[in-house]
Each structure stands twice: as C-alpha cells, then as structure tokens.
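These are the structures in question, set out in turn.
Look at the two complexes coming up: chain A is in both, with chain B in one and chain C in the other.
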Partner chain A sequence: MGQVLTVAFFGLVALGFGVTVFRTSSMVRSALSLLGAMAAIGVMFLAMEAEFLGVLQLMMMAGEMTIMAIFMVMYMMDPGGLGQMEMTHQKRLSKGVGLTGCLGAVALTLLVDWGPTVASAPPPTTQVHDLGIELMSRSMLVFETAGVTILVAMVAATVVAIARHRP
Partner chain B sequence: MTVLWLVPLLVVGTYIIVVLEEWVTTGRFRPVAPVFGGISLLGRESLVPRLPDRVLFEAAPGLLLVAPVLALAVLPLAPGTIIANLATGALFLNAALAYVMVALFMAGWGANSVYGLVGGWRFLGQFVAYSMLIVMPITAVAMRAQSLATTTIVESQTSLWNVIAQPLGFILFWLAAMAVCFLPPFDLPIAPHELAGGIMGEYTGDRLAILRLARLVLILTLSASVTIFFLGGWLGPVLPPWIWTLVKTLLVAAAMLGTGRFVPRLRQEQLVAWGWQFGIPLALTNILWVGVTLLVVA
Partner chain C sequence: MTLIVALLIGTGLFGIGLYGAVSQTNMVMIMMGVELMLGAAMVNLVAFWRFLHPDVYAGQMFVLIVMTVMALEAAVGFGIATARFRARGSVEMEEAMELKE
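Right, the complex of A and B next:
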C-alpha cells in the first residue's frame, strides 16, 4: 500500500512539474521544472524497486536538464521571462497535437498486453548483475550503434563549428 | 541507531574541516573562530537582491546542503556502520553530486546579479570538465571490486589499496573531487578576486551560513569518497576501523585544502580543454590498465 501511495504521490509531483514547464516564461525555471519532473520519475523507479534505473535517472537528468538550460537561455529572446514577451504560437494546432498525443499514450497503456505481473522484484544486486550481462550480450549491438552514432554527431558538430572560424 | 551516531560525527567532521581550512590556508590555528563566525553570520540581516528568481534563490542553499549529505549516506564509516548500503552505492554518489552543480547554477541564476550569473555558468562549464573524471575512475574501482556497493569496494582493497593498484585513477579522481568542491585552483564559481564571491556574492546572513556549511560538508564528503574508493576506507592495523576512516578522510581534506595555496586559479577554457584533451584519455587508459591487470592477475 505504501509503495502504491509513494508511486502515486511522485507521479502527481512529476505531472505538476510537467505543467510548470509550460506555464512559466523563464527558461531556467522551465528547464529546472523538467528536471523536477524527471527526478520525481526517478524516485518512482526507486519506489518500484528498480534501484539502478532510479539512480541512473536521477544522475543523468541533473546534468542534461541544466545543460539544456544554457541552450534555452541562448536561443530565446527573453530568457528570464521578465519582458512579458508572448512566446507561444500556432496555439490551435499545438492543442490538437498535444491532445492527440496524450490520448494516444493513454490508449497505448490500456491496449498493450503487459504480460504477467512479477510477484516480487529481484534483489538490487541481481538487478545490477543482470543489467550488465544484458548490456554485454543481447543489447550490445543496439547500445554500441547508438553510442557511436552520437559520438560521430558530436565530432561532426565540432568540426563544422571550428571550420567556420578559419580565414 | 547507527544513524544517530553519525549525525554528531558529521558535525564534528565539518567543524574540524573549517578549522583545518583556516589553518592550512592562512597559517592561523583558531579552533573557536568558527563558532563566533557562525553566530555572527546568523545574527546578520539576510538580504534579498532586487527582482530575484525567489524560488531558485531560496532553494539553492538547501539543495547544496542536501546533495553532499545524501552522498555521505552511502559511504561506510566501518564494517556495518553505513546509513544506506545500496547495491548501487557508487552510482548513487555520482547522482547526489550532480545536484551540487544544479544548486550552484540555481544560486547563480536566482540572485539576478551579473557576477552570480557568471559564477553559475562557470560551474556548469566546470561540471562538463570534471564529471567524466569522477565517473570513469569510479568505474575502474567498481571493476576491481566487481560491485557498485561501497562496502564491497572497501573489502576489495584488503590485499592492495586502489591508490597503488590504479594510481592514475587516484590522481584523476583527486583532481575531479577538488573541482566538485570548487576548491582552489578550481574555485571558478566564487573566484574571490575577479567575481567578488560569484554565486555566493549576493547571499548574506543565514542563507550564506547554510551555503558555507554546505561547502564544508561537500569537502568532507569528497574526502571521504577518496578514502573509500582509493585509500582502503576503514582498513588499517591496531586502531578501530572508524578511526581509520576518519583520520584518512581528514588527512585527504587537509591535503586538498593545502594544495590550492600553491597553485594559481585555472582559466575556464584551460580547465575544460585539459579535462577533455588529457583527463578523459587518461581515464580511459586507467580503465584499460585495470581491465588488463584484472585479467592477468586472475
């Protein structure tokens, strides 16, 4: 019961932060609200006894969301949100797409056959071990491909950025 | 019950570090000064700058204090004396320390002042430079222990401490730990002579007291993690285990605080360039070295 309540509570916290992301005009508040939502999801993982996933989520999102804040501040005209600038556009289309996406996601959770529920999660040590074996065997190709692709993109972006400054 | 014992130890540890800091950096040994300093800070007016981002401004000192305390919870003082012996302890330490950067960034942005803002962005750049040098040496340490649990990591050093088994990882982790605590020469976000306090510049009174306390706890946490990961934690002859952990932690802290006295502050671009051009290749070499030694020894 306590587990369900914790998951539900942090689910609501995540939703609350999620709404704040779009309600605020400050780019930094927006990015940090997204961090709040992601951290709440991390705590939900922990409550659901997926220790490794939870800790990883908490760790990765802290760096990623704050670095994202730099780019949001860099690209927006009014990053602090103090200039009362209107920053939304195509409202009707956005609402339509948002609503369709939301309904689609809800339908997906109801329609998919999630398989039998496990009576109890394996102990954290086993989880870490099994995850390691999985990453080094069946999922290795997927992760290596994704990793190399991102690395290539990073190197390419750097090369493009440097070349522009050459005389 | 164990937890209750750790709280006074945390207070005493922090107190010793603040005395050590003054002793090592200025040469003056004044054991009572922190008490008066603390009372004077708490008695002062706590000003709020004009047009702050109030939520971030108020939350930052608290978050900066909570992050290292959480990290400290997964570090063992002695066999069985640990607040949370997580199977993912070493990873959890990284997760908690990542929020140090978030807190400093919040403090910098929230105060709505130029120097604070520059300090906050600087620390974000510093995070990009040091974060891999925290994670990769810990990976090598976990490889040797074949576990992410901090207690197992200490036990894996019974035959040989990691400082000797993987000296390269030790040096990199040491430097990265100093960068996390923004100790000189990595004190870019506060930079007293060029940023007038930077992220701490706009804080006064009790808020500043919490920020300073948080920084001391951070130094204690990082010194303890160097001890646990590389200096054999509680392992040592004659004395009880918890004394060994404490002595090693305080020696590491003293050495970290002392180093900054003799080195000039790095520039932002130097730090990032060196971190990526030298630090990461060296950290990868360390992982390779540990992998090869493990295979050969096994």
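Right, the complex of A and C next:
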C-alpha cells in the first residue's frame, strides 16, 4: 500500500513539474522544473525498488539539467521571461497530438491484461550484482554499443558546434 | 495496482512531452519535451521490470540505454543549437524554414 501511495505521489509531483516546464515563461524556472520532474522520476525508481537506477537518475539529471539551464539562458531571446514573449506555435495541433498520444497510451494501459504481478523484488545488493553480470555477459554487445555511440556523439557534437572560419 | 499507477504516470508524462515537443518554437524547449517523453519510457521500463520480470535484468539494462540516449540527445542537440546560433543568431524553429527546402 505504501508503495502505491509513494509512486502515485511522486508521479503526480513529476506530472506537476512537467506541466510547469511548458507553462512558465522564465527559462531558468523551466529548466529547474524539468530537473524537478526528473528527480521525482528518480524517486519513483527508488520507490519501485530499483535503487541503482534511482540514484543514477538523480545524479545524472542533476548534472544534465544544470548544463541545460546554462544553455537555455545562453540561447533564448528572453531568458528571464519578462517580455512575455510568445513561445508556442501550432497550438491546436499540439494539444490534439499530445492529448491523442496520452489517451491512446491510457487506453492501452487499461485495456491490456498485464498478467500476474510479482510481489517482491530481489534485494539491492543482488540487483547490482546481477545487473553487472548481465551487462558483462548476455547484454555485453548492447552495452558496448552504447559506449561507442557516446563516443560518436561526442565527436559529432564537437564537430557540429566548432567555429568555421570562412575565407 | 502499482504497475497500473506507474504506467498511467508514464502516459501523462508522455502526453506532456509530446505536447511540448510539437508546440514549442525554441529548439532547447523542444529538446526538453523529448527528454520528458524519454523519462516516461524509463518509468514504464522500470515498472515492467519490477512488477512483471524482476529476475530478468534486461529491463534495467534498457533503462541504462534510454539514459544514454537522453545524454546523447542533449549533447548532439546542443551541438546543433550552437551551430545554428552561430550561423543565424537564434535557435527559433520558425526561422529554420530554409531547412525544409
């Protein structure tokens, strides 16, 4: 029972912060709201007994959102949101698409028979140990591919962003 | 029960992210929408792992992959934003219509 309530509460917190991301006109607030949503998702992971993933999510998002806030202040026309600049377009389309996607997923969630759920998860130490074994045995290729992809993305992002001096 | 609650939270986050990605005019805000959608995917994956197959760790591994994708999206997205800002002085998507042609 406690688990349901914790997951539901932090889920609602995540949803609230998620709505705030697109409702506030201040960029810093927007980035910090996204950080709040991601942190709430991390606490949901902790509540669902995925300790390693929860802590990883909290640490990663704390770093990523701070960087994101800096970039947003750099690149926005009106980072403080003082000018009440219009920042949305195709309003009806986007509301329709968002609502359709959400309702479709809700229908799928409620209509599909998920089968019996498992009552207890393995303890955290077993989880970390078994996840490590999984990463280094059966899923090694996928894991290594992720590593190489990170390298490729680092090179690609640097090459794209580098200043070109035109003659 | 908790599975359904977690999945419903995931659908809500996905809807908000989709709305943001379609409605925002600024590239960085669009990326935030995509991040929210990926967050929804992670919530679903963790819920599936915990309540359907807690002894199969491929579920947790998928969450790690999604986190990698999030980081990559941010890195490449900010790279493109920097290039765009250098070339045009803004990252507004309304002004990027020439990419369509």
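Just so we're on the same page, the second predicted complex is superposed on the first by the 149 of 167 C-alpha atoms of A that agree within 3 Å, B and C clash if a C-alpha of one lies under 4 Å from a C-alpha of the other, contacts with A are read in each partner's own complex, and residues count from 1 in each chain.
Note that contacts are C-beta pairs under 8 Å (C-beta built on N, C-alpha and C of every residue); 3 or more make two chains touch, one makes a residue touch a chain.
Worth saying up front: this structure is predicted, and the values here are computed from it rather than measured.
Asker: Putting chain B and chain C on the same copy of chain A, do they fit or clash?
Answerer: fit
Asker: Check the residue A:T125 against both partner chains and state whether it touches chain B (first), chain C (second), both, or neither.
Answerer: first
Asker: Mind working out whether A:I67 is in touch with chain B, chain C, both or neither, as first, second, both or neither?
Answerer: In the superposition, A:I67 contacts both chain B and chain C.
Asker: Mind working out whether A:M59 is in touch with chain B, chain C, both or neither, as first, second, both or neither?
Answerer: first
Asker: Which partner does A:L35 contact after superposing on A: first (chain B), second (chain C), both, neither?
Answerer: Only chain B is touched by A:L35; chain C is not.
Asker: Under the stated touch criterion, which partner chain does A:E51 make contact with: chain B (first), chain C (second), both, or neither?
Answerer: After superposing on A, A:E51 lies in contact with chain B but is clear of chain C.
Asker: Which partner, once the models are overlaid, touches more of chain A's residues, chain C or chain B?
Answerer: After superposition, C is the partner touching more of chain A.
Asker: Touch check for A:S26: first (chain B), second (chain C), both, or neither?
Answerer: Touch status of A:S26: first partner only.
Asker: Of the two partner chains, chain B (first) and chain C (second), which one does A:A157 touch, if any: first, second, both, or neither?
Answerer: The second partner, chain C, only.
Asker: Compute the least Cα distance separating chain B from chain C in the superposition and give it as a whole number of Å.
Answerer: 13
Asker: What is the shared patch of chain A, the residues that chain B and chain C both contact?
Answerer: Shared contact residues on chain A: 52, 56, 67, 127.
Asker: Please name which positions on chain A make contact with chain C in the complex.
Answerer: For chain A paired with chain C, touching residues are 3-4, 7-8, 11-12, 14-15, 18-19, 21-22, 30-31, 34, 37-38, 41, 44-45, 48-50, 52-53, 56-57, 60, 64, 67-68, 71-72, 74-77, 86-91, 93-95, 97-99, 101-103, 105-106, 109-110, 114-115, 117-118, 120-122, 127, 130-131, 133-135, 138-139, 142-143, 146, 149-150, 153-154, 156-161, 163.
Asker: Where on chain C is chain A touching in the complex?
Answerer: 1-20, 22-29, 31-33, 35-36, 39, 42-43, 46-47, 49-55, 57-58, 60-61, 63-65, 67-68, 70-72, 74-76, 78-83, 85-86, 90-92, 94
Asker: Which part of chain A faces chain B closely enough to touch in the complex?
Answerer: Those residues of chain A that touch chain B are 26, 28-29, 32, 35, 51-52, 55-56, 58-59, 62-63, 66-67, 69-70, 80, 82, 123-125, 127-128.
Asker: Hey, which residues of chain B end up touching chain A in the complex?
Answerer: Checking each residue of chain B against chain A gives 51, 53, 55-56, 86-88, 91-92, 94-95, 98-99, 101-102, 105-106, 109, 121, 124, 127-128, 131, 147-149.
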